[in-house]
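First comes the structure, then the notes that go with it.
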Amino acid sequence: MTNPFDILAPYLPDVLEPFLLPLLQIGVVFLGLSLIVAYIVYAERKILAHMQVRLGPMRVGPHGLLQPIADGLKLLLKEDIIPRGADSFIFWLAPVLSVMAAFTGFALIPFADNFIVTDVNVGLLFVVGISSLGIYGIILGGWSSNSHYPLLGALRSAAQLVSYEVALGFALVSALLLSGTLSMRGIVEAQIAHGVWFVFVQPVAFFILFVAAIAETNRNPFDLPEAESELVAGFHTEYSGFRFSLYFLGEYAAMVLVSSIAVTLFLGGWTRPFQSWAWLDSLKYMPVALFAFAAYWCVVHERRMPRAPEWRWQRLMLLGLGGGAAVLAVGFAALPPVLNAIQGVFWFLIKVCGFLYGFIWFRGTFPRYRFDQLMRLGWHYMIPVAIANTLFCGVGLVLWRSLGWNFAGSLWIGTLLTLLVALLLAGQTESPEPTLAGQGD
Amino acid sequence: MFYLVNFYVLAALAVISAIFVITRRNPVHSVIFLIITLLSLALLYVQLQAEFLAAVQIILYIGGIMVLFLFVIMLVNLDIVTRQAPFNRQWHVAGLAALVLLAELLAVIYWGRATPTLPQAPPTALQPNTELIGITLFQNYLLPFEIASVLLLVAMIGAVLMAKRR
Amino acid sequence: MAKDNGSQFGVETTVLGADEIILNMGPQHPSTHGVLRVKLKLDGEKVVASECIIGYLHRGVEKIGENRTYPQFAPYVDRTDYVAAVSNGLGYCEAVEKLLGAEAPPRARWVRTILTELQRIASHLLWLGTHALDIGAITPLFYTFREREEILKIFEKYCGARLTTHAFRIGGLQYETYGGFEDEVKAFCRDFDKRIDEYEELLTSNRIWVERTRNIGVISAEHAIAMAVSGPILRGSGIRWDIRKAMPYAAYDQFQFDIPIGQRGDTYDRYLVRLEEMRQSRRILLQAVESIPEGPILARVGKVIKPPPGEVYHSIEAPKGELGYYIVSDGTTQPYRLRIRPPSFINLQALDRMVQGHLVADVVAIIGTIDIVLGEVDR
Amino acid sequence: MADDQKKDEAQPQPPAGGAAEAPKPVAAEEKKAAPPPKPAAPAKPAIGPEPLDNELVRRLRARFGTALGDATLDRKQAIIVVRERLIEICEYLKAEEKFDFLTDLTAVDWFDRQPRFDVILNLYSFPHNQRLRLKATVGDTCPSVTGVWPGANWLERECYDMFGIRFEGHPNLKRILMPDEWKGYPLRKDYDILKQDTDWVRENIGIESGQ
């Protein structure tokens, strides 16, 4: 499919054309992402709240829907404090680096077959390289604050990121081996060609990628760099106002970025589930169904709101949202070309959201690892398993290519061997038993 | 035209940052300028259509080695170093080395000016250069590559042993 | 207590030798549960020694006790361990009753038992929530506060206060129970069993939780006795000793319940012990609420409390350990000497031994597992 | 009930001090007026200290003789006064009589008595489920029992902090609740409840008074 922005091409002057179109796409991605990130924060607060028997934001807009905007405004208007003794240039630079690293990576993510800012033949390497620059935001921010908590947080963070990047890299390698290309689009196309998402033939690599992604984004249970009970807020303890919000933005954008990488590499990118099964083609009406449901939900909740006049705006807003969703649903249903055009982006975002939900779920469930345990998990367990997985993935590929075995079958032999290794490694640690010595009068 | 401008901007950036690397008193600032230098080089590689090299430059040098540099600088108390003049002892040696290098460069340019310039490579010829690098490393130069790997492994084990002994 | 106000921020490092640094945690630190300051001597990340610096919340409660009449002082004890005010009130009232030679009527003792057991559950819930939060699990906090809220509602209905209840009077109770009291306690107990299962589901077999608490802060039985620790810490080390059984007070001799003990004396065992204690408290509540006798609620001790000369030591099993009141009477309306044996204070003493050899992150877990309230440590 | 109370109040009360030494059989009759709170309760227990002479006390007397003072039973709780050789007695009690748990250690200021302080040790024995209170009459120094029960450490520090009793042999005797530089010992009877170390307050908090 052609790039939808190409229809603008004839109207642009020749000299500017190679620059303007990417700029346009970058603008769309950047603005869209900023909005998505803001609403991920909202979603996180809401989801966690419901896991923790409370309501979460409810005041700003209906069901707190305008909360992210209010938060953003508040952070923008707050006083900008640079601590005395801080290295002001680096203090300024660090959050910018953090955001830049997270957002630049998106240039290489294929949101859909027709929507990718640029496709480089070493795309994956670039994404990994650029996202690894985010660590500078953390280290420099921690160092330049000239305070002990941030410094400790930054040191921990650096060690953690460097360690888990190794496991992450090995997990990526197996996807590379399967697709035979470094181009992000090429990897998705390889999955289409094989007719199977790589997660189904390389589940261990996907799992390692998932865990390493959590560690890379400093999320619970690996949120040691900002462990509240130990280090207050870790590397951004001294940051406030807009700079802090930059960190916040960068952190959540990094979450979206690693989710996008995982989706591209292992979950078939923009393809809908079971694309090779034609009888599931009706799944393409999923966007219609989703927006219709959203409209229905808005209407139902509008009916439940109190009739009092001070709720009028909230009700109107909810109805407006519902109306918008309804219009979208009808529009998609009525205009098949539009429906086809958004398929890729829709499925991609749905998968990313599923991934992000996992992140949030983890945060609600797990306690935090201790630093040495985190390192032990990384070096003694994740990396050996990742190496074994890469090795056995290669073995599986040889079985498939040279001996002509079944593709999925030969890879599953490799996976089983990897699991064996993992079991051997896990067997060295004792299993917990919740026992008391006994009770009695 | 664009590429030429691009080249000169990046080259200037690399050289100026390199100068800053050795003149800044604060080691953390030096590291940042070193990162800028390396980044400029990576972008130059991109312009030469050596994307693989560029990516490796970013991942290994900027994402890996420089992080460790920073790590060490933050762990070790460098307050004393900051207060000293940067070129206290090696001034003369460094100056001499720089002069020799300059002379060498000039000599090469002077005697080499007669050689014809390299032909411009067609833009598509180098496209699958990742594969080419792979083939070069793992087929044509397999033995040297493996020897280098073993050497690095030995160095790594040696480093671990030395660290453990303490 | 610190003199230099400049060093009162959280972490402060001083380079000592090549590898030893002093790390200062608190008094303003998110996980020291109040104004506790711990000076840690570290070798790398390992704790070599620790020193607690306390007294930031010292209000001279014992001195105040010598200058108030017996009933006047009763509200003050609520402010020592302010998350277990009912237990403090029980200990104090019973101590003064012993001094007087009086005894509360059965109905009063039953209601006291019920309220004290509810308070034990509330205190343990608060401990569980904050302890889990210290180790990074945020969700249990909200679950435990949900149940604690139910208990505080019962307190509020009974005596009008939620935290510093002053629920009891010397000689019995001030108030008769409100209508529906038994039903509410029963309703609470009915749900509570499942709630504990919920907490357990989140933590007990969670691998990270186990790794963070197993073999952390181990205190052996001998050492626990030597350091005079009491309550769940002593039981976590495997000593089956509970004052409710050993020297029954209130109406505890009337009920069936078990004393859970641990095997290894580590943080995980103490966690299990406290969870099981909550279940046992529920068991006591169910028995007690079924059998509240009728009758008066206040013994005839007189309007002016004037115990004959002499002295008494009375202790109860508070949620945090042995809470004792040593009162010397000179026959006037005010105590000549009033000493509170604070379980938190004495248990905190064991911190030094428990943190040695652990990492800084474990210190947070160990402070959490001791379950201190600084109001009681400093008094 | 109010009438009973009036009767109680009409009884002359002994003055402060010396409560431990002089058993006073005052309460027995006056309490009879009040009906027993619990029907099942036996006859009214005598309130106030009475002499104690049981196996343990006899063994102790045989061993330590005059080092021991009176042994009394007050509110059914055994109290033994120790005049000297505190450490030996403690060691014996811990090793032979299995009083392995030092529940509490505190002091009482008897102000106009000589020696001035009682250091109170509340002991508990796990094997016998028994409490025993030792009362060491001391001036302002007392041997430290940290060697016998390590848990006495903070308790003795608190005692020092509040009463100014110096525990000899204590590994780290310094103030624990009050600021290190504070002058005066708050729980002494001659330390008024409104008293404070004004110099310290002025210097460290920057205000004239904490009241």
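For reference, chains read A, B, C and D in written order, and residue numbers begin at 1 within each chain.
Throughout what follows, a contact is a pair of C-beta atoms (placed from the backbone, for glycine too) under 8 Å apart; a residue touches a chain by one contact, two chains touch by 3 or more.
Computed from a predicted model, the values in this text were never measured in an experiment.
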item: More contacts between chains, A-C or A-B; value: A-C
item: Farthest chain relative to chain D (centres taken as mean CA coordinates); value: B
item: Middle chain, criterion being Cα centroid separation; value: C
item: Chain A and chain D, separation of their C-alpha mean positions in angstrom; value: 65
item: Between chain B and chain A, distance of the C-alpha-averaged centres to the nearest whole Å; value: 32
item: Gap in Å, rounded to a whole number, between the CA centres of chain C and chain A; value: 44
item: Residues of chain C touching at least two other chains; value: none
item: Multi-partner residues of chain D (each touching 2 or more other chains); value: none
item: Residues of chain B touching at least two other chains; value: none
item: Chain contact graph, described as a line, ring, star, complete graph or other shape; value: line
item: Contacting chain pairs - touch in the sense defined above; value: A-B, A-C, C-D
item: Chain B to chain A touching residues, read off their complex; value: 26, 28-29, 32, 35, 51-52, 54-56, 58-59, 62-64, 67-68, 70-71, 74-75, 127-128, 130
item: Chain B-touching residues of chain A, taken from the complex the two chains share; value: 87, 89-90, 93, 120-122, 125-126, 128-130, 132-133, 135-136, 139-140, 143-144, 151, 154-155, 158-159, 161-162, 165, 182
item: Parts of chain C lying in touch with chain D, wherever the complex brings them together; value: 1, 3, 5, 54-55, 58, 60, 62-64, 66-67, 98-106, 171, 225-229, 239, 241, 246-247, 299-300, 302-304, 306-313, 315, 322, 324, 326, 328-332, 336-337, 339, 341, 345-346, 348-349, 378-379
item: Residues on chain C engaged by chain A in the complex (per definition of touch); value: 10-13, 29-31, 45, 132-139, 141-143, 146, 200, 202-212, 214, 238, 240, 245, 256-263, 269, 272-273, 276, 359-362, 364
item: Sites on chain A touched by chain C in the complex; value: 48, 51-54, 148-149, 152, 220-221, 223, 227-230, 232, 363-373, 432, 434-441
